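So, here come the structures, one by one.
What follows is chain A paired twice: with chain B in the first complex and chain C in the second.
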Partner chain A sequence: MSDKDSAGSATTVGGSSIVEVRTTARASFIPTIRAVASDLAARADFDLDAISDLRMAVDEACATLVDVAAPGSHLRCTFQVLPERIQVHAEVEATAGTTVSTDTFGWRVLQTLADEVAVQHLPGADGHATVGIVLDKRAGVPTR
Partner chain B sequence: MLAVGGEVDTLTAPQLADDLTQLLDDDAAGTAVVDLTHVSFLASSGLAVLIRAAHRATDQGRPLHLVATARAVTRPLEVTGSDQLFEMHTTVDDVLGEPGRPSN
Partner chain C sequence: MTGTDPEYGHLVPLLEEYSALPADDPRREALRDQLVTGYLPIAQHIARRFAHRGEPLDDLVQVATVGLINAVDRFSPEKGSDFFSFAVPTISGEVRRHFRDQGWSMRVPRRLKDMHVSINGVVSELSQRLGRAPRPSEIAEQLGVPVADVLEGLEAAEAYRSSSLDEMLSSEQGSATVGELVGAADAELDRVDYRQALRPVLAELAPRERTIVMLRFFGNMTQTQIADQVGISQMHVSRLLAQTLDRLRNRLDPETRTG
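Presenting the complex of A and B:
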């Protein structure tokens, strides 16, 4: 698929495939990122509900992060395609002390859509921090 | 009736919110229908807007009818359980064809 992903890069590490997309942290680029998510899930033989769920989960994670991103910073979204599941790691640079609110409707939806989801806060230098969301989606319909 | 197309996400949800407010406030008694047949993506922000409109319609003493067939719309509604808040239909005729109902 390396001929298709001009928006990012694809490498294979230890049997899994990694695709990374980096954009300016702006809402107008999120449609591109969720399209990549949807495409990867389809190629990984996810069922149709799981493809829809991943697309929506990635959209929600990215929208949440773009909201807290420092002006002019980047949104980096890494997809690791593993057997039967895709792990997504999205992150932005934010002002130190910025947190992602997890008591929102959007976060509850994200928890419903993904099999696993977590927020990561990593303090950085110069009053900045990295805020990330890691989510995991299995190829089949989750049993809930 | 309000017909919506394209992608409903954080960029477009505010427009949908405005249109729904207009739909529900212009005629507070008629059959309120939102045709989502041509929506290709529904984000949680769009879902939240629809849910708020459903509550508004309930306050007015009527249901909010949604027309949707695409998985991009039905899956988010079902997986979050919010489909329970609406009268779901697969075609506009399903709603407007009801005997005794005016087609607005």
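Presenting the complex of A and C:
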């Protein structure tokens, strides 16, 4: 059973579609964002493990970013729904030099829950920078 | 606890007397009161086992007492079993029904609760057959309902805050395999840098929550595999894992978590 064989049988969205959620970078908005994540995954027919994994991964990524966000900045979370996978890009504004370290339990959680995960640092103007986490989650074991 | 427990031994002849009386005998009421009062500690004990699950203890004691009354009414000593082995499941059953009706953190229509129960009913069977967690489309096919209904039912599951009492009762942890798997996960934990910060926080968790976290993040197992090993449903593993992560996040020093 290969990925290519299964692609045709999936009843997911053809091509890609994008959903973007932007909130004040505050922990109280994370439940809203993770609800969007699990709803998108369920509608894309992810298996139950993958739906739950994505939900928790988004929760973890957003919590990590909110911790480093500059006061008053925004958390922007973009979901790209692709055939058999969802790519999530979450980012906040932070003071320059802020990092998300990857030798932590939180990072372990992200690595376990997502199929791929990476940190993105983009220097910005006025001593600010954009810190982001990109994660990719597959719909689960391919169906026959 | 057994029927010959000194605390309850004096009630045994009363039980026999009560069940032998015809339904309209005037002595029944006084006997019944005496029996219910006498056995009340059992109902209170069972209610306490389910405290801290989001329902007030007083309500649980009341519900358990209703279960006890049913048990007293329905018990027939001539069938040979002792009262405890009859009463405990009867009382637990009553509390279970209460949770089934009350255990929702927001008002969820009956239809969706039923759908949630139906979904839970087929998930483990499908997982066994497929060797992985099922997809909503597969659940819908199995139940013979539209996918949209399954999606609604899954959404309703997020509003469900208490696990079913069957799950709580059944899984006080423990097969040898789980122990071995946790041992292997523990060795993996030893290899990471932040173990010194994590260990004490993990030690604060209830044994089952700790097991689930270890197997998922250090044992490389999926939720469905963990559900199978620990003997609870995938949805229950999902809920426990999310709750536990949230707890760990609050307990771990931000320095440790985000650097």
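Following the convention adopted for this analysis, the second predicted complex is superposed on the first by the 126 of 144 C-alpha atoms of A that agree within 3 Å, B and C clash if a C-alpha of one lies under 4 Å from a C-alpha of the other, contacts with A are read in each partner's own complex, and residues count from 1 in each chain.
Just so it is clear, a contact is a pair of C-beta atoms (placed from the backbone, for glycine too) under 8 Å apart; a residue touches a chain by one contact, two chains touch by 3 or more.
Note that this is a predicted model, so its numbers are computed, not measured.
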(request) Put chain B and chain C onto chain A via the superposition and say whether they clash or fit. (result) clash
(request) Of the two partners chain B and chain C, indicate the one touching more residues belonging to chain A. (result) C
(request) Using the touch definition from the top, say if A:Q87 reaches chain B (first), chain C (second), both or neither. (result) neither
(request) Give one of first, second, both or neither to describe whether A:V68 is in contact with chain B, with chain C, with both, or with none. (result) second
(request) Have a look at where A:S28 lands relative to chain B and chain C in the superposition and call it first, second, both or neither. (result) first
(request) Would you sort A:L110 into first (chain B), second (chain C), both or neither based on which partner it touches? (result) first
(message) For A:S17 in the superposed arrangement: first (chain B), second (chain C), both or neither?
(response) neither
(request) Scan A:M56 for contacts with chain B and chain C and give back first, second, both or neither. (result) both
(request) Please indicate which partner A:T78 is in contact with in the superposed arrangement: first for chain B, second for chain C, both, or neither. (result) neither
(message) Just to be sure I read the superposition right, which of the two partners does A:D47 touch: chain B = first, chain C = second, or both, or neither?
(response) second
(request) Using the superposition on A, tell me which residues of chain A are in contact with chain B and, in the other complex, with chain C. (result) 48-49, 52-53, 55-56, 59-60, 63, 105-106, 109, 112
(request) Give every residue of chain A touching chain B within the complex, in rising order. (result) 27-28, 30-31, 34, 48-49, 52-53, 55-56, 59-60, 63, 105-106, 109-110, 112-113
(request) Report the residues of chain B in contact with chain A in the complex, numbered from low to high. (result) 7, 9-11, 41-45, 47-48, 71-72, 75-76, 79-80
(request) Report the residues of chain C in contact with chain A in the complex, numbered from low to high. (result) 123, 131-138, 147, 151, 154-155, 158, 192-194, 197-198, 216-217, 220, 222-224, 234-235, 238, 241-242, 245-246, 248-249, 252, 254, 256-259
(message) Touching residues of chain A toward chain C in the complex: what are they?
(response) 11, 35, 38-39, 42-43, 45-53, 55-56, 59-60, 63-64, 67-68, 99-101, 103-106, 108-109, 112, 139-141, 143
